[in-house]
């Protein structure tokens, strides 16, 4: 299985975006960071004990699935939407959803458009090879509108075209829109339209059939979510790992029971995972939260206790 | 004739397979065949096993499924309800279309620059050299990206054509009598329609407009008539020596019938007008197309210019001197003496430039023009997850296109060559 | 003209006149104060060491080169940069080159009819008849439908002469017509030229074939350093040269 | 003057004229201008258009170039500097980004502390190339060129020295087997020289590597291919592709000229297939399909896969270049070799290839230029080549968002300098070959 | 062999034997029933008009061309398609071509040592000594380190002869060895060949140098239309030819 391969190799191959600020992007020295990257690190920490033992494989919208299917990457964390056909026909599994998103539109403020319903006849920049282009076709069709698709290959190109005015609207997942807008010279000149035209549950993907590896990826993510729920942070995780009153935390952090061994990873897997970049909330705030230039609100991605959808199944 | 006794029959020895020139090559070929078959078998076996492990099959059925995505540029009707197969066809036609237009433009540029590079005018010759060297030595991808960037970054947006109520002026203006507008998302050019249309015929591939068929038929007939007319002029020249002036008559013969038919059908030109977000009424040629076209033509044109120059230089100076000494003017010298000889040298490399342009058109990916790679090898591949099928099919189609181009051009080359000997 | 093919004597009419012609290639003074008058019917042989400007001079006469000072008058027409004058002169003057310069993509016949048809506007049929007439004259009518590449050098040069004659020039210029040929072939070309001379064609001929000069030339002109150094009738020129340059040159040429 | 007396009177020049300088009209600047720029109305028109064009370009781009800013840490800072020095609304290039990301353009994400390794590799590359290009140098240096690829692999990718050494050992084994067996039987020798090393690589190198690695650990920091990028990647792919494709290209060229029908057909089939398909398609094969074609479980890294396809691609083109070189050899050379009793392979190796390859060098250089330009296409399979991917990543940084032209100008200029230099060199070679071959 | 360099007479041993050899190029019958026996030490000159199959015949003897019927036996070895036989024959037979065919990328010395080293497996040192011995014999030892392109045609042809000799062949074939040479150089090559003949080398030589034939040949063979038309000793062949074809050929060759 993949787990053995990873252990033998000593490094996790993680497929990421070629460059989407906040989610996955290399800096001048080639160090990757971002919301998706943090999950890669957490998995590496959980399995190998070291968040640095990740090899990032930048994939384009077109090459990502093959990279996964062919074994070039062990997991794909590249704002990929979980869909029916991707799980069945393309033979992948989405063990968890790390970001609940939806497709939106961004337009220039001075265009006077305030609703997606006013976009009839507009040129729309759209990244090829994504679910967004299918959603877009469906949306305009069901609203009896026409549009002119302007195909782009990467987010960077989309930004360029949109900034230059080559398209009236730029469509992608709302999170991506926010990230993109944040990076504009004058973000206040652009607005993201209120319509969200699709459900875009984004999550890490693994190959179909390797359930053990899927469990590891899924539960590592849930460990991060649970960490937030129970107040386990990067700062206090070592302290808490020595034992607490809360048996759930004890089981999570390996103080009690041997959940790790059941999956074939060290018992302190969750400790390492949370220490790598903090719990889900910390990761969110550090990479895409409201204090970052991207400035995304938690919204659907808040804990279930806060009215969001992030809900970690029980660790027992 | 006295037939010598044949070499003593010694029966066949195994060592003959290696040492006997008669069998040796057979042995080697068998070994090579086995090796190639084994390699092919190995690849196929691996593929089968890999597919099996992934739970996939090898099946082109997806070509008949609904594609679900939109394509901005299509030459035959297409919508997201069409099949993947049709999307592939749209892409293929787009590839062919950009290749044909690209080759045409590159040839024009190449001839123009190649001739100017030999100009006596120092400045022009230098400028052309700079052009050729710059374009030849920098990747074509850069030229395509630059063309695209020029169009998107420098051309005005459609809304800049709007008349600003405050100043009463628009910040950008259309060109060519308000018929062409460069914008940062497309180039709006006039389109045509027929007021008294004869309707269209639906074929499975695309609806065919009877009007256009008629117009082209008439055009073909007039061109044929013009060829006859020129033959007649040749005959007159042969018998009297003086060639009747033909150029304006030729133009009349070609143009008048077409114009008459067009007028009869109520031919109208629609100039693009700004309405809402965009220009409507005309045809909007997407920038991705224009950028790809410009990048490919300028790049390939530089290579063709070199071929043209080499071709002309290959004709020795003595040839033009001899023609001058006979009293031929420079224009005639060019067309009767230099070009026919230069052409033989120019055509073979021209073929490979055409092939290169066709293959380079797959760089459409850089600007989002939906060619064969963009549809079949891009979105279809991605939406269906059929890498193996899509890429093999795509390579086969490109191979077919290459074969067609080289066959046609080689035939043309033979024709030009035959004239000599 | 073929119909009046009799052994003409030199007439008084002037065919070509060069007055104080000077020419430079960049800083290099190739032709220096050239003065030369050629009468109609005269056969002039021009000799001289390599680089002395012989080719340049005769190429100036049909404006393949431009002179910068002085006057060149051909058949009463002064050569200026006026295109009409140039056309006129070129249609009066035929030229034969050292390397034949036949058009390789055309048959022998087409080579000969090309200029008559396109410049003289003669009907094709007539042009072909004339061409065959001259091809017969140079003794290769049977090669008419071959391409130049299939002919030997001597044959090619004879075709080149026929091609020029088809334009019915009144003056023929030859620039070392035999120097690119194998020895066996020189004779056939010289024979053709002698025949032409006998018919009274005005000829200026750059050549080192001294036998030819003695046989047909009215005058031999010796050039050196871009100047006409000596001129005389062939007999005196060869047997009694005056200038030292000439003597030296002749000793080289004849000793060889 | 003779023209004025009887034209045919004998005449002897007494006084030789000295050469005079050309008249003012016929020399100097005015002549040059007249001849080269204004010799006719049409020419004058072209000149005016040319000047207009130059003016257009210069007036548009010169200010932008001249206002360029070299020192800034973001685009905003650039713009501010330009606005303060040249006034509001002035345009100017922000070269600072090149300065800031210079290393990334050159080395990609190669670890900064070991930049010396690619640099050394490059210097060695030039040294190894020297004996190939300049026949004046002693032939013995060619051995160095032969070993160089292994050294380069080790320096670039690092890690233990043994796997690389074992590749070399495999070649040595092959060569030795060939030497020993060829006297007995050429075909057997050829077979052995190919099969044994392959078996060696497949089955023996792994254990030997491990063993030697433990006994005598010689290793340097290893660098995964993912970290290659920028011009380093372009050069590694371009040069690597060409060098590795040479042997295959030679074999294909010989195959295409062979009398054996099947061998010829396979060679033609391969060459024409590769040449008929766009490189992008082959790159997609590398990134999407190659893993299907290899045994389950094998997993090359993408650079290696791209390298394999690039090698196959350039082999087809190199084969055609070499075929041209082979065709240029007179038949007499083959016959003389036959008459002396040299067999096919000896004749090829000693007589034919040395000459054919020499003739082919200009063509190979041209192929390299084409290949080097084509390496930019790897951006579409997610590799960090310098033309598109690196700028895209740089633009993903908030500081440099929205910067375009500077990248195009900079990357274009580097490509131009390298390729123009090489094309000049190949032209020089071509002229030299023409001279050498009388 | 150099050590035994004395004027040998023809021995009884058979060096080359052709029995009823026939060869076709496609439909074209180049060699028709050729029968020829060459004794060891014999010097045979083959003459005949162009295209008569002379080259083809001697090229068959070392299998540069394949014959289709009949037998060719060289030094006791029959030429079949067996590679070993071919190798053996080729190492017994040296060949000198019209266009020298030296290897331009190797020095003169390397040209001479290449085959001995790679085919005969002789140590390099020894091979070089032998090469120098033969280069001295053809009188160009001082050129040993030059490249063929720097030598004159005559010198190149002598190197070609030395190169063949270095393989110590027992039979030498010459295919018009002097016809690509300028007249001044022909003599030096012929001298070398005469010297070789005097040492008793078995030689088959296609040439039109009749002086050479008369001086050294034991036999002259005249070929036409792919057949041996006449053979005789040189004196009788030249002074008393029997067949009409021969007479006609001789009149052309000698008259020229």
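Labels for the chains are A, B, C, D and E, by order of writing; each one numbers its residues from 1.
Everything that follows uses one rule, which is that contacts are C-beta pairs under 8 Å (C-beta built on N, C-alpha and C of every residue); 3 or more make two chains touch, one makes a residue touch a chain.
Just so it is clear, the structure is predicted and the values come from calculations on it, not from any experiment.
With chains reduced to the mean position of their C-alpha atoms, the one farthest from chain D is C. Of all chains, the one whose CA centroid is most distant from that of chain E is A. Each chain gets a centre from its C-alpha atoms; the one nearest the centre of all protein C-alpha atoms is D.
Once the centre of each chain is set as its mean CA position, chain D and chain E turn out to be 48 Å apart. Centres computed as Cα averages put chain A at a distance of 43 Å from chain B. Centre-to-centre spacing of chain B and chain E amounts to 58 Å, using the average Cα coordinate of each chain.
Measuring from the averaged C-alpha position of chain B to that of chain C gives a distance of 50 Å. Under the contact definition stated at the top, the residues of chain B that touch 2 or more other chains are 18, 149, 153, 365-366, 381, 387. Along chain D, residues 288, 291-292, 380, 404 each make contact with two or more other chains.
Multi-chain contact residues of chain C, defined as those touching 2 or more other chains: none present. Under the touch rule stated earlier, the contacting chain pairs are A-B, A-D, B-C, B-D, B-E, C-D, D-E.
Contact residues of chain D toward chain E in the complex are 183, 330, 332-333, 335-336, 338-343, 346, 350-351, 354-355, 358, 436-438.
Interface residues of chain A, counted against chain D in their complex, comprise 18-21, 25-30, 55-60, 63, 66-67, 70-72, 153-157, 159-160, 163, 182-185, 293. Remark: chain E residues 19-22, 32-33, 69-71, 78, 80-84, 86 touch chain B in the complex.
Of all residues in chain B, those touching chain E in their complex are 1-5, 7, 16, 18-22, 24.
Taken in their complex, chain B has these residues touching chain A: 54-56, 68-72, 80, 149, 151-153, 157, 159, 184-186, 276-278, 280, 284, 286-288, 365-366, 368-370, 374, 378-379, 381-385, 387.
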